[in-house]
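Both complexes below contain subunit A, partnered by subunit B and then by subunit C.
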Partner chain A sequence: MNNEKEQIKFSRFNDFLRKFKKQKTAIAALVVIIILVLIAIFSYKIAPYGINEFDYSSVLQGPSAAHWFGTDDFGRDLFSRILCGTRISLAVGICAVTIGALSGTVLGLIAGYYNGPAESVIMRLCDVLFAFPGIVLAIAVIAVLGAGIQNVVIAVAVFSMPTFCRLVRSSVLATKESVYVQAERSLGAKDSRILFRHILPAAFPNIIVQYTMSIGSSIMTAASLSFLGMGAQAPTPEWGLILSAGRDYMLNAIHLTFFPGLAIFITVLSFNLLGDGLRDALDPKLSE
Partner chain B sequence: MKARRILAVMLAAMMLILSACGGSSAPASSEGSNAPAAPASSGSAPAAPAAAVTAQEYDAVAAVSLDFTTMDPVDTSDTLSGGIQRLIMDGMFGFDDNLGQIPLLATGYTANEDATQYVITLRQGVSFSDGTPWDANAAKANLDKLADKTRGLKRTSLLSSIIESVEVTGDYEVTVNLATPFSAFIANLCHPACVMMSPKVLEAGDDVCASAPVGTGQYLFVEWEHGDHLKLELNPNWWGYEAGIVDKDAGFKTINFKVVTENATRVSMLQAGDADFIWPVPTESYDNVAADPNLTAHSEAGIVVRWLYMNTQKAPLNDVRVRKALALAVNKEAFLQVIYNGHGSVATSILGSAVTGYKGNDPVPFDVEQAKALLAEAGYPNGFTITQYYSNNTTNEKSAQFMQQQFQQIGVTLNLVGEESAMTNERIQNSTKPGAEADVDVYLTGWSPSTGDADWALRPLLCSEMAPPVNYNIAYFNNKEYDDLVHGALSVSDQAKKNEMYARAQDIVWEEMPIIPLMEQDNTWAEKSNLVDIKIYPDGAINCRNAKIAQ
Partner chain C sequence: MAENVLEVRNLHTYFFADNGTVPAVDGVDFELQKGHTLGIVGESGSGKSVTSLSIIGLLMGTTGRVTDGEIILDGEDITKYSEKQRRKLRGSKISMIFQEPMTSLNPVMKIGKQIREKILQHEKISKKEADEEVIKLLKMTGLPRVERMVNEYPFQLSGGQRQRVMIALALACKPEILIADEPTTALDVTIQAQILDLMNTLKEETGTSILFITHDLGVVAETCDDVVVMYCGRIVEKGTVFDIFKNTAHPYTEGLFNSIPKIGVRAEELDVIPGNVPNPKYMPKGCKFSDRCKYCFDRCLEEEPGFADLGNGHFSRCWKNFPGYTEQEAE
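Moving on to the complex of A and B:
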């Protein structure tokens, strides 16, 4: 019996891999993301200069052999700052979405499985959160909590939560009436067993796709908040903040806005392309 | 489906990148579409020197870097608001373009020999824009307000300890009796805080004064939307036109002062023709503006000095060795270059070099080793952590980061907290806590004595009774010798003796280091090339009385 189960799981995974391998762009995106993660981990070791190493004699220099991305208004090496900023952006994106996904999933399971007041309360709460555009909601949260990178994580988590909640709930609603769940129930299984062993796994593909996509948008929201002065505080090498500080020099030092913008662009694009590829590979309804 | 999503992501990412172009505020759009149209040829901008339009038919737009704080002159501590008030209200005396004294609502004065009684004769036939006539009673009402310490207004410290009584001695004559001999009395009356407001508004209370000023001035107050704009309208019946204060065709139909805190946005507004004049010009964009054939840029020495206050009552900055160490750790030359692009000079006093009573000292050297030694001697070999609050604008944020980098060299960690300017004012300038408990450790600021006289810098900035919330002694500096010198100088009429006392006071500042003197700042401003006579007073206030459009 157990062996058979393993085999089913294994074949499902194989199936996924087979489909995913065909997604060339998604694989490229995955490679970029792996590189970004490696950069994030080793950034402080590989950065040629310290992030706060100023040199007033070489401010606002364009890209050169010594400074690949040029220098900023304090003569700091932009390449090093952007490398080290990778860690912040990825950490913020991943932390925020993880918190949002976990809480959203739990609430979605509860709302979908137990009808009645719990469902109404949770889903109406989500409706309220959905009513605000993401960035506005995040700004409102920051206004209450105050500026700072931790609060950005909370703000982004709050606005990504309802999506997961709705997604999981709809998946629960679809699965809970299926024959195998009813069979399990008639055998006398506990709710928690049914929820976590049978219903949740069915929702996993959706969650994974949404999770990947959300990381991209979260990174952008976090950068936007920092750009507006509500996220990371100077002199943190956060991409949005570097972009914001560089905008005064748009006319005479375009590299100060170009490179952080490019970094955000590549990262967000990679996560979204990966999410696309995952969806295509995981969705059994899509024909090959 | 997939392609659409990719497109959406790319668009979204591009939007973030593009949002950098215009800063966060609305005029971003003006950059892309209108910029190439340049003000000179643009049909949409009435700014175009279509020869027929005169200044008095023209709605001008100015962009300023900060919000206004109040419209009550007696409660104003910033040059920006004071400059606007000078357009709405006239003083009894005022300045010409170079801070030279000229009579405005007064026609002259006589003083007794020991400078304790001033008889001021007033201009006749002038009335406030609400119809109230300008006469001795109106003058008395205004002077009484300036002398009233109990109202808790910031600028009462200018004259309240000096004026003893004001008598109406004729329809157009007031006699002011002073508590002590005070030779700089008329100079102080030139200060923008001493502009005259309609007695009706004064009676209506301080809140009305702060929000709906009425004066005798060249412009009428129209509206002020906090954080957004302040609008003035020309008063074509201004007495100054008849009296020859300005040319008959000078002045704009309306001036809309827009608050644009983003440096880059302010510049792009000017370049796109959305603003007619801006001040200050961000020094990082100065060269670009100066190179624009449609614009004229100015950079002139002023009397604005910038420094970093250190709270002398709060540990560890209550130790003079620590303060000196911090002062030594800052590279002032680099500050001037990095933050102000060289538009200024390294400070040699807390006073600008053009101020009466100025005495220059050698700039505090930049010496990290000596700073470290002093810090170790004071018992902080490993440094310490302090906090700098600042109001959010590009220059402040950059300056704060600069300070952080400098202090890091001697192991001192500077936490930076940027806030809305109203919050910072509340926390720093209006703090009611004693110095030792105040939030402020260090605070970056600047000052220009709008009287042109040393007293109005040395006294409000560092005399012990001027600590917040009374006035601007954010260092909570308390030095008896300094207090005595600065107070004592008020009653000395011999300028040479006065200067000697002020010189000693400035030496004490160098010895006790309640501040880190940084720089004397140049005033920068820029206008469309077809505008003439837009100027900035040496104290940094706008001077557009005589503004015209070249025909």
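Moving on to the complex of A and C:
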């Protein structure tokens, strides 16, 4: 009886938590991401100045007690603008990757499970998308759709989709041939049931890791597009755009490029580190 | 004569590859009687597994196809069924146990849930009733501490326990026919005996007919009522288990018996059948077994024999078994 109580019930979630707790850097990254999310939600409340509050008496000032990150060429407070930019960057990154992950997963499931023409069409399409460097592809999409935040989301979604598609397909191919799927089929399971009950869950850990990592790179791509003038338009406080605007003053006001760059750097790094930690915690093959 | 639940008539399953067509099953006839166990025996590559996959309809995804013949279940030829109709049969009328208990359960789904889902899929009952059914099924297979086990994952069970779970899963919807594809090959001998006992008991309790695929004649003796011996996609001998063991007619069956090591006889070398199963693309012209047969004579190389009727449903595909065969001819 005593022995029975000591045996803790095995749960996959607890097992994951236990492994994740050991990933110190990933936890630090997670904390940073949570802070970023909180900033994104409350940015307009906590920002000391308005994002378009011009102050021509203090233009291009370096960091000071009044303006922590200094001011830009219109005398706007950089700290407030970067705080408010968090919302845009996170929203664009998360929305774009979510769209890309959903569509990529569905296409990957179809391509992996039903071989034949559907698979060829989907995978060739992915190959075509892979052939372009991500940023070039995104620029092409923007060129067709026009500049703007929404189109950046679409562009980034398009370029993150094929990665998910390939990932899910390879996972499906591996699981599809496993004996338990055969066994399930021998007991009369429908295709949809096999796909969503048995094959998709097996692919899930990979999808989660790829999802987290993609958010980082998507934020980067979105910022790059804005930097190139194809994403957010002035006076939106988008990080890439702030960076781009600060470029002209790089020699005498380095803070205008340093702080938005730092914001992008920290955000992308956090998502990548979290992704790394998740992979280590989710992969049963990696020993502890 | 008991009624037949399954009749296989002239079944041909061919695999179509880029470099030729392979006849994996080439004109197989047999019938499975209600409540009986039929053993299909043969070495690797003899077509026994393909026969079972043809019956359950799991050839899709391979290049194989049933090209001719009938599989009659409850008086209906199921080879003419659509994929959807076939799927409805699986689980409810025919189910299957696989060779590898280690991998035939989903590793990330709890035992109880896997069986419950199967029941809910075929029967309209509540989740709670299904859970009770799960416990009943697992208890039926003689598993211990069933109430706890339903919340465990397959990796927490041993091979024998998993095979019992598989049996419970296969029997969940009370199928008429259970196909067991070498269910005990991956288990050690004591567990093997337990699983065979369990299958025999369950067969008697539920009246399920079993199609038992194996290469182990010891297992056949213990479980089967009737036996079909396959070689190169064809049946070479069939009959009751008694006839096959006592009045062995076909040289191939004889070879199979001789290659079992005998306890108490310390032979220098095991008496094996020389050679290998011929490549399906380069089949001998006459009898398929002629190149490995020690009784082979001229006629065997020229002409393939039909079935010699030895009475009491015992057939053998060998010229030696036809009346009129004389020793001289062998010379």
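Everything that follows uses one rule, which is that the second predicted complex is superposed on the first by the 278 of 288 C-alpha atoms of A that agree within 3 Å, B and C clash if a C-alpha of one lies under 4 Å from a C-alpha of the other, contacts with A are read in each partner's own complex, and residues count from 1 in each chain.
Quick note on the criterion: contacts are C-beta pairs under 8 Å (C-beta built on N, C-alpha and C of every residue); 3 or more make two chains touch, one makes a residue touch a chain.
These figures come from a predicted structure and were not determined experimentally.
Asks: Clash or fit: how do subunit B and subunit C relate after the overlay on subunit A?
Replies: fit
Asks: Would you check which partner chain A:R18 touches, where first means subunit B only, second means subunit C only, and both and neither mean what they say?
Replies: neither
Asks: Which of the two partners, first being subunit B and second being subunit C, lies in contact with A:R124: first, second, both, or neither?
Replies: neither
Asks: Who touches more of subunit A, subunit B or subunit C?
Replies: More residues of subunit A are touched by B.
Asks: In the superposed arrangement, does A:R193 touch subunit B (first), subunit C (second), both or neither?
Replies: The second partner, subunit C, only.
Asks: Can A:A183 be said to touch subunit B (first), subunit C (second), both, or neither?
Replies: In the superposed model, A:A183 contacts subunit C only, not subunit B.
Asks: Pick one for A:P201: touches subunit B only (first), subunit C only (second), both, or neither.
Replies: Once the two structures are laid over each other on A, A:P201 reaches subunit C alone.
Asks: What is the C-alpha-centre angle with subunit A at the apex and subunit B, subunit C at the ends, nearest 10 degrees?
Replies: 140
Asks: In the superposed model, how near does subunit B get to subunit C, counting Cα atoms only, in Å?
Replies: Superposed on chain A, the two chains' closest C-alpha atoms are separated by 27 Å.
Asks: Taking the stated contact definition, name every residue in subunit A that is touched by subunit B in one complex and by subunit C in the other, in rising order.
Replies: No residue sits in both footprints.
Asks: Hey, which residues of subunit B end up touching subunit A in the complex?
Replies: 2, 5-6, 9-10, 12-14, 16-17, 19-21, 23-24, 262-264, 282, 284-285, 287-288, 331, 334, 337-338, 392, 394, 397-398, 400-402, 404-405, 408, 416-418
Asks: Could you pull out which subunit A residues touch subunit C in their complex?
Replies: Within the complex, subunit A contacts subunit C at residues 9-10, 12, 176, 178-180, 182-190, 193, 197-198, 201-202.
Asks: Which of the residues in subunit A come into contact with subunit B in the complex?
Replies: Interface residues on the subunit A side: 52, 54, 56, 59, 73-74, 147, 216-217, 220, 223-224, 227-229, 233-235, 243-252, 257-258, 261-262, 264-265, 268-269, 272-273, 276, 280.
Asks: Hey, which residues of subunit C end up touching subunit A in the complex?
Replies: Its residues touching subunit A are 56, 58, 61, 87-92, 95-96, 98, 100, 103-109, 117-118, 121-122, 151-153, 156, 166, 169-170, 172-173, 179.
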